[in-house]
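Take a look at the structure below.
Labels A, B, C and D are assigned to the chains in the order they are written; within every chain, residues are numbered from 1.
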Amino acid sequence: MSTKPKVILDPAQRRIGEIFADADLRRLHAMADVIWGRDDVMPEDQFLAAAPDATAIICGRWRYPQALPLATNLKAILEVGGGFPPTIDYEECYRRKIRVLSCAPAFGPQVAEMALGMAIAAGREIVVGDSAMRSGREKWLHAGNETTFTLYGKTVGMIGYGGLARALRPLLEPFGCRVLVYDPWLGQGYLRSQGVQPVGLDELLSTCRVIFVLAVPSSENRAMLSREKLELIRPDAVLALISRAHVVDFDALTDLVLAGRFRAAIDVFPVEPLPADHPIRTAPNVVLSAHRAGSVREAMTLIGEMVVDDVECVLRGLPPQRMLSAQPELAGRYVAISARRPDSR
Amino acid sequence: MSTKPKVILDPAQRRIGEIFADADLRRLHAMADVIWGRDDVMPEDQFLAAAPDATAIICGRWRYPQALPLATNLKAILEVGGGFPPTIDYEECYRRKIRVLSCAPAFGPQVAEMALGMAIAAGREIVVGDSAMRSGREKWLHAGNETTFTLYGKTVGMIGYGGLARALRPLLEPFGCRVLVYDPWLGQGYLRSQGVQPVGLDELLSTCRVIFVLAVPSSENRAMLSREKLELIRPDAVLALISRAHVVDFDALTDLVLAGRFRAAIDVFPVEPLPADHPIRTAPNVVLSAHRAGSVREAMTLIGEMVVDDVECVLRGLPPQRMLSAQPELAGRYVAISARRPDSR
Amino acid sequence: MSTKPKVILDPAQRRIGEIFADADLRRLHAMADVIWGRDDVMPEDQFLAAAPDATAIICGRWRYPQALPLATNLKAILEVGGGFPPTIDYEECYRRKIRVLSCAPAFGPQVAEMALGMAIAAGREIVVGDSAMRSGREKWLHAGNETTFTLYGKTVGMIGYGGLARALRPLLEPFGCRVLVYDPWLGQGYLRSQGVQPVGLDELLSTCRVIFVLAVPSSENRAMLSREKLELIRPDAVLALISRAHVVDFDALTDLVLAGRFRAAIDVFPVEPLPADHPIRTAPNVVLSAHRAGSVREAMTLIGEMVVDDVECVLRGLPPQRMLSAQPELAGRYVAISARRPDSR
Amino acid sequence: MSTKPKVILDPAQRRIGEIFADADLRRLHAMADVIWGRDDVMPEDQFLAAAPDATAIICGRWRYPQALPLATNLKAILEVGGGFPPTIDYEECYRRKIRVLSCAPAFGPQVAEMALGMAIAAGREIVVGDSAMRSGREKWLHAGNETTFTLYGKTVGMIGYGGLARALRPLLEPFGCRVLVYDPWLGQGYLRSQGVQPVGLDELLSTCRVIFVLAVPSSENRAMLSREKLELIRPDAVLALISRAHVVDFDALTDLVLAGRFRAAIDVFPVEPLPADHPIRTAPNVVLSAHRAGSVREAMTLIGEMVVDDVECVLRGLPPQRMLSAQPELAGRYVAISARRPDSR
């Protein structure tokens, strides 16, 4: 009988072949007895039966909260959905020193690339310009650059300075931008130590040429970008809405961009799929994307790589290093966040 | 009477207010007597009369070649169009140690940004995705990412490693790309010392996921990217045509992208404006732009800044440092290049 | 009566004026009632009396373990000595979600600079060369460079990849070194994600031209660099002993450098001060320093800056961001470490 | 009979095996018929006989100026000593479009490393500290750091912003220094475009914590750092004299450091070897080196690599890219420089 530690693998909304490269899956099997390890959802009775022996559980959702008290050997829950499941009893996990780990950092680079790409597309009018070429209305050379601008040397704002912002920073570095940050969850000293300037939300909105909305949605920031706040944005600015529509008064945003008050690049919407007749679909100065920043196929195996790296640490009694560890101070807020995130970003 | 050196300012196709920020124009006037200094073309007789006293000539085109022998005090010709004028007698300039300086480097950063933006737009399907949102055919999340890819870790090719390539390099740095270069005008040792890998054209075309065409057009590289060469490109690759259509067999390119052989991002065309019925306007997997990479308005004053910085050097008897100096070895080729470039890139 | 939270400030072996810049001390007083706040040690009775109301305790040592059960409002212990105190009951802290924070990261940059400086001094023979100039035995130009080498392009090893190593990495970046790492507390996947190559200790020792010993001492790594291991080092290599003498068989090291087997740069010793007659003081191919890498005066106020930044986070119910947070997995090992560190690195 | 171009190789004060790696020498032989190619000096008659057929001449010194008119096929002179030979008729070379190329850039990296190493050694008192350890007078920990300082965040001055300064810049980057530059041969606009701040000499001397003297010596800068100028230096500053003693009033410098006015790190001296009784040998706050910054053996083959890369360009009719090309504006000054440089930096 195997003496290897036991690891439950029940990815739920993800598929194993999607998030694990072959080599990483082999590594996992070499270091542990993998229980279940199938794409269909693990039945409750089997899960509860396996829980007592499990050292780690890799899961898409946390469907069976009643398993936690049974899982007396558990050292880590590694979620592969992209956010901390609200169904986990975090207090019990802290008390029992069980790590709760999220694969959210795996999405940083690809979302950052999309944020940069959409911002350049808006500033340089790449989408509008292509459309004009196709309808024969294009303007050439200088005539086609009446309202374009470059990122070089611009003042850029980041609303939220978490994983997405940290992945975006290096992409902006070569443009020599000054970066202003509004993040009420981070201290000013920390932000300054990272080479960005902490500012209030009003100053950020009224100052920046490009504004990236990167905040994790929470109970505290719903519609934080109200109509009044959105009206602070400069007419020549681009608002890039990347993290969640939750933080914006989307009706106000729609009104303002339809009125041509500023430009925008929008990847997330209050309802997805967006109704076919939503007026923002006709806004001429907006780059629209159907929540596609964080689901590039080739990038999904980064999840599996991070999971296996951290399972290895957990089995060796070491702190995990690649996934995001749930922090005691933010437990209550994670619940609020996760409740807003049924999907897979 | 002024004892300041005399500098002719005759920007021809450019306007003074477009290429000079006020502060730079004031610097120029402080260091020299500016002759002409108007947007309309300087008449021949006045030009010939002013030439003998001129220490430097800032010009859009070199309209009056007969002025060169008269300009016995001349130390530099600073062109503000973007390419070395074919009408200059370079041999005489070398013999008399007259610097011929081009403002081409002023265009590097903005063209590089557009190249990056168009490449990301192609790889992440930003243009196609926006269009789908507007027609209600969009696919959400993973379903919308069936054929997208990111730049991270990709092998990228650069055809031509001049000023544009050097401006693009830092923008690609944070993506961790391996960079292959084909440039027959540069030694392999130099390329390796720059951290890129020199390769043959065939290897570059058949290997790279993103191919940037950045070569200065010359008598040697017309239609270098023939049909046969273009057919080497991988089906999942993006060809970003940034420098000049001159280097491509554009009919072949049109056929291939219409047949869906690979993706492309195209800013330059064999005839501009492009005929309204040119079939490439309908290619579905191509990002099209009306030669707009190098004429962002706010970036044009970089020309004036470079010009005044180098006029200062020339007047102080120092080597110029910011503009591109015509090289003796390339004189004949410059002629060929400039003859192909009536416009203002 | 003040409603501000109460923070005990009892820096013990540190002085307040040494570790706090005026501005940081003012920030601390603005956000909390500071209890004690004096350089002399807080008496036990006063400490125990203040503990129940304290939200945070800033301390040099943890002298009164009996205070922990009394401190029912405590959210964080912030130590300013440089290592996790062994006297803290970490299990209770985890259970009660009390953060234990170390100022160790404040020492990273200055120690990294010293490590780089000592490595260059060894490779370029700066110390030996200066000594020769003073005794008139110097050799000039090429004759003085018979055995010198540069860092450019060399393979460099790091034993331990914690805070010191992460501070050293950027300083080595411009030299284009390949970095090998041996760190049994870190996963290979994590190390590769950081751009370094995980290797075994023997491979590191026998391969690298410069070897930086940066490991935190622990119960597991005492004399890990045994005589047998040290004998693997290349004759042309430099061993830079930066973190602790604890990890080296110092007698073997002394024998080997006295025999000229390799070069070394040594900042830490098994007994400090080192006996006046210790033979390593006469080794000709060694750069010696009296444990001076981590106590530059101007750098000490970084401790106070980090402490106040994190007190601010703690008082606002946010995760601390600048100091090092004790990890549940490493608690037992911290004890071992701290027991070896009576001093102030 | 060979139809390959002919290249004279007469390295004079250098040896072929010292400056050419085997692979580079093989490359050279593959592309050209190598004439002479020996370490001993090529006799005049043979040199004059070979000159008419030579396409390129690789030489340590330019011993036979009378060869220039005979060398009617000559395209380039590539010097391997480290400075532009004063015996070359530069005017004739410009007129005939013969490139004169210097290997000086090959010395940039190793000199920059030594400059950084000596500056850290001075700021962190590495040399003094080692000496104290050997005589039993060392002070431990904080007591040994009373007057030390780090480079992080300091204002650093560069006198001269040529190849050495450009090689030093990236090494200083991770320290976050503000860089002030005094260089009368460069325009302020150019310096600003490089991210450094142009200032006057007095401001630089009185402001900077570390001052690197990196200027190429010329007829214009002899003893530019006069006693009066040196007295502007801050008492807590380090003067790193790296390029040439020529630019300093060395007697004044000696007096000032003997008086403890500031610290210094000195690699170059007015007479080399320095007299055994020169008082600077006893200065306690100075790091002394016997002109060893630019002659590390392993780095010498960079000369050969650059030479062969540029011979390849020359033979292909392309501009050379790796060596430093003599500039028409500076010809007269090169003479002055070279006359001061009998040695091999």
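One rule holds in what follows: a residue touches a chain if its C-beta (ideal position, glycine included) is under 8 Å from a C-beta of that chain, and two chains touch if they have at least 3 such contacts.
Given the structure is predicted, the values throughout are model-derived calculations rather than measurements.
Colleague: Under the touch criterion given at the top, what is the topological distance in steps from subunit A to subunit D?
Modeller: 2
Colleague: Most remote chain relative to subunit A, going by C-alpha centroids?
Modeller: The most distant chain relative to subunit A turns out to be D.
Colleague: Centroid from C-alpha atoms only, then distance subunit A to subunit C, rounded to Å. What do you get?
Modeller: 34
Colleague: Using mean CA coordinates as chain centres, what's the subunit B-subunit C distance in Å?
Modeller: 51
Colleague: Can you tell me which residues of subunit B touch two or more of the remaining chains?
Modeller: Residues of subunit B touching two or more partner chains: there are none.
Colleague: If we use the touch criterion from the header, which chain pairs count as touching?
Modeller: A-B, A-C, B-D, C-D
Colleague: Along subunit B, where are the residues that touch subunit D in the complex?
Modeller: Touching subunit D from subunit B are residues 94-95, 97, 185-190, 193, 305-306, 308-310, 312-313, 316-319, 321-322, 327-330.
Colleague: Which part of subunit B faces subunit A closely enough to touch in the complex?
Modeller: 109-110, 113-114, 116-118, 120-121, 124-127, 129-134, 136, 138-142, 144-146, 148-152, 170-171, 173-175, 272-274, 276, 281-282, 287-292, 295-299, 343-344
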